[in-house]
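Okay, here's the structure, questions in a sec.
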Amino acid sequence: MPVDVEAAVLANTRLSDDYSVLALAAPAIASAARPGQFVMLKTSRGMDPLLRRPFSIFEVLRDEGGAPTGITVFNKRIGKGTSLLYDVEPGTHLQCLGPLGRPFDAADPPAHAWMVAGGVGLAPFVTLAEALLARGTQATLFYGARRAEDLHRVEIFEQLGVRVFCATEDGSRGAHGRVTVPLQQELAQLGPSSDVRISVCGPTPMMRAVANLASTHGRPCEVSLEQVMGCGLGGCYSCVVLARDETGAPHHTRSCIEGPVFDATRIIWDALAH
Amino acid sequence: MLDLSVTLGTLTIPNPLIAASGCFGYGVEYADAVDLSTLGGVAVKGLFLAEREGHAPPRIVETPAGMLNAIGLQGIGVHRFIREKLPELRERRAIVFVNICGTTIDEYVELARILSDAEGVHALELNISCPNIKAGGITFGCSLTGTHSVVSAVRNVTTLPVIPKLTPNVTDVASFARASEEAGADAISLVNTFLAMAIDVETRRPKLTNIVGGLSGPAIRPIAVRMVYECRQAVKIPIIGMGGIAHADDVLEFMIAGADAVQVGTANFVDPFIWNRLLEGLRDYMTRHKMLRLSEITGTLDTTARHTAWISS
Amino acid sequence: MLDLSVTLGTLTIPNPLIAASGCFGYGVEYADAVDLSTLGGVAVKGLFLAEREGHAPPRIVETPAGMLNAIGLQGIGVHRFIREKLPELRERRAIVFVNICGTTIDEYVELARILSDAEGVHALELNISCPNIKAGGITFGCSLTGTHSVVSAVRNVTTLPVIPKLTPNVTDVASFARASEEAGADAISLVNTFLAMAIDVETRRPKLTNIVGGLSGPAIRPIAVRMVYECRQAVKIPIIGMGGIAHADDVLEFMIAGADAVQVGTANFVDPFIWNRLLEGLRDYMTRHKMLRLSEITGTLDTTARHTAWISS
Amino acid sequence: MPVDVEAAVLANTRLSDDYSVLALAAPAIASAARPGQFVMLKTSRGMDPLLRRPFSIFEVLRDEGGAPTGITVFNKRIGKGTSLLYDVEPGTHLQCLGPLGRPFDAADPPAHAWMVAGGVGLAPFVTLAEALLARGTQATLFYGARRAEDLHRVEIFEQLGVRVFCATEDGSRGAHGRVTVPLQQELAQLGPSSDVRISVCGPTPMMRAVANLASTHGRPCEVSLEQVMGCGLGGCYSCVVLARDETGAPHHTRSCIEGPVFDATRIIWDALAH
């Protein structure tokens, strides 16, 4: 059951002109959070802007004893609300509702888990990586961005023992090109016996490309979609994606409660706004 | 003991706060977060006879102190609703207002018949005001004869309270209140959303796939309050007021203007736990003003001149 | 060189930004702060033949992303306007839209006659949409025949551009646009304010002495844009759009929806130096989109479906 | 000609739970300011609240050389905007438009100037006191509030050499009762020859009472009125008060440009909302 807390901003670390990591005091949400879930954040006190904004739970903060104390949000400024969050100072309080949404299901050994992130799509994978390693499942991160400077927090994954492949469109770090370049190489080298589960989050075209790669190589793939969300609780029907049901029939499906994580084969990509 | 209960014809609800249709799913989505039995009622998402997929996204756009929506009445249809949702609503002891939509009078009648036989339905809210679908709904809501026909047709086939929901997109909303009363409505609810649109100037495209959508939220509250006030002068039947309610003062504003109960929609998206906040605010007001029964405040707007006009305006 | 000029019938103005009536006094109040000759025009406070004291205060109330006003058309009357204000406006090279109000058709005609003989008046905006006064104005604005009669009567006595200002408080604003066009209007302007009210719940009194007032500001923009879009489909004559414009993107939104020019009212209260900000924003947009003539953008809303509908909505 | 500046908040000194003094960097406004003029402040960045708020210019700040560098605002929290200002932190920037309105006309010797302030009505009198003393005009302040704790910044006037009479309704400081108590006493003791000019700012009933006292004692009186203001520049006609013109005929008169300071004899008090 989600809770709504007035979370104190503990820190707001600017990583670049457009990225910041916001630390929020929210024990109840932190302890209930599961990999890939999100929160609905009110980015201002008043009515400007009116609606909350959905954000993946980036990290779970813990005290010395390991007890969950809060969460962080990996914020990319793209408009009014994210700019307000980028500017927020410690001490401010923000209404934070969560945890919300259908989580990733963390694979168990002997399966290998491959995470594919594009830009801000890195956000849901720290919690997934931790869950995987807790299970002893080998984890790999494919992380793509425009330039090396846009690749943030890679160290978190390295410290967790995740195998990391980077890709930049200008070749300034890792493979030259899209994140699908190293992914494709690794997929090609896989033996038939190996059991690899793919999870992806990023721009829609990138998720679509990864989903296609996964299916051509016969690998299961989960996607974490980003739809405009009015409520985050299934109340408004704003966040639907066209997804196939068990019978294969397409239905407008609420991504806040049946998602944001979907089996990639359910998604009708042509119906997704780009 | 403070009495917050209000009466809508034959139906008495524990407090005036009803979750607005389309803003609370089928109620069950919120059952874990909110004790549904503590609400004045739950108006479920608008239902047709058949299932509907609604419009392609994007379906909402944020606007100054409001939002546009063009969901297109996606829904599971009345039969699945009765099978899959109503039992849980019953179990949670929710007071259920079913918001029904049709493209013909026969559809409204058919829906009313089916829902009258279902256990756990407390009232029918006739959605004749959805601005987002081409056929039906609004075409009745924008014509006095259309409104009268739908309401009396439904009235004839059900003993459930019949509550037409009026559109604000008309010149004289009070005349539609009158038509509803004459046709035998037990109450009216207003307002539905204002037909509106938003454009992405970079792409020069509408921000909604449906091009136009309905404006809701605090932005519209002053217009909605005026409309409730006008309807209060025009009819005797109870009024369920709504439009931008986000605080207890907003609830009181609608009631003073003439509403017997209210609905809360958009604000529930911003704060799903709004209900307790509103109830506390109402209790606090009653205490400060030494009121025992909240319903006393309905229609008490004091319009006597504050001071003798000194010059002709 | 970027060309921001737009044409309203026989009148060409240097840019589409006109100060909205009632939000810019008689223009002269702002003459020291703003170079009036750089504006697309100045629509002066609504004028009757005679002086009027207007309503007793309080006259405005702030609301979510908007405000209510019930000024009651206080004004110095047409004769004093011509004597005391017009000379300075002329001297400042302002393009003057005179907003005129009457309680009878004869009054509108008389005002039009008088102003047609005055030097320095560039257009007549017929205020048939003020929600705040009992007699006249709105009574024409809410009736198709009333609108047609006023417009054609004024049309017959003046060669100045005749621009009826439409009220949004109607079911079908496009039909009023059509009536105006048929009656010989050179352009239409919309929207005037939405009839609304606000209540002080502690005193249970209206916050405005006049009880009701007109809602303006960003809150109403999505409704106003939709109305401009509807009128664009209905008539060929130029449209002056307004309602909540506060940024260059808002100007562009109205123009893409179908407006040839725009007016800015409430936002001028918040930022009296808004005009340069808006002009810079428009120039920046034109540069980024490689446009030479701003007027090209009018009515260019692209409503072609973004992707083939996958399922019937 | 008024200017609109994005003024940096230099300090925000809370004097009590409801009063604070806000220091703003605004040289252009400070140097143009005249006694009793006001500014229109935007209390937030966005649209909540939408409109600016009128505030008297409390003090003019100067550098060592005496050059005007900014202004202060004597803020009493009574609603949304004033609460935002009470909470504002240094470093924030606020849109500030001014100076606006018709100033007090500072009397010249041998006239004596009596200033009568109720509560937050103290705000316009620091600038007037400075102007008076610059002219060598003797100045007296009558300052009333509910309790001693609500009497703020009296020292400013004492340091300027202003004679100060305080009054509190609970008698905790100065005369016991309304500010009219000491005022009446002093008026009664005046010789017929003495030339005393009264200026008053405070709650409407108090201003009205003072205006009546002044007229019964045959003393000229200026009042600084507080009307709701939409624009502050004469554009909206929201701020009118019913005031007599030269012929004595009552007209709705814009208090932002013909006021906020009016000759008390012009005001039709019964028409003022209380």
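Structural remarks
Residue numbering begins at 1 within each chain, and the chains themselves are lettered A, B, C and D in the order written.
We take it that a residue touches a chain if its C-beta (ideal position, glycine included) is under 8 Å from a C-beta of that chain, and two chains touch if they have at least 3 such contacts.
As the structure is a prediction and not an experimental result, all values here were calculated from the model.
When the C-beta pairs in contact are tallied for A-B and for B-D, the bigger tally goes to A-B.
In terms of their C-alpha centroids, the spacing between subunit B and subunit C amounts to 32 Å. Annotation: 36 Å between the Cα-based centres of subunit A and subunit B. Subunit A and subunit C have Cα centroids lying 47 Å from one another. Looking at subunit D, one finds that residues 47-48, 242, 251-252, 271, 273 touch two or more other chains. The set of subunit C residues that touch two or more partner chains comprises 53-54, 56, 64-66, 209, 217-218, 306-307, 310-311. Chain-to-chain contact here is organised exhaustively, every possible pair of chains being in touch. Residues 1-2, 4, 42, 47-52, 95, 97, 227-228, 230-231, 233-242, 251-252, 257, 271, 273 of subunit D are the ones that touch subunit C when the two sit in their complex. By the touch rule above, subunit A contacts subunit D in their complex via residues 44, 46-48.
Against subunit B, the residues of subunit D that register as touching in their complex are 47-48, 242, 250-252, 268, 270-271, 273. Those residues of subunit B that touch subunit C in the complex are listed here as 52-56, 63-66, 68, 72, 142, 169-171, 194-199, 201, 203-206, 209-212, 215, 217-223, 225-226, 229, 244, 249, 252-253, 256-257, 285, 297, 300-303, 305-307, 309-313. Looking at the complex, you find that subunit B touches subunit A at residues 22-25, 29-30, 32-33, 45, 53-54, 56-60, 62, 64-67, 69, 71, 74, 209, 217-218, 246, 266, 268-273.
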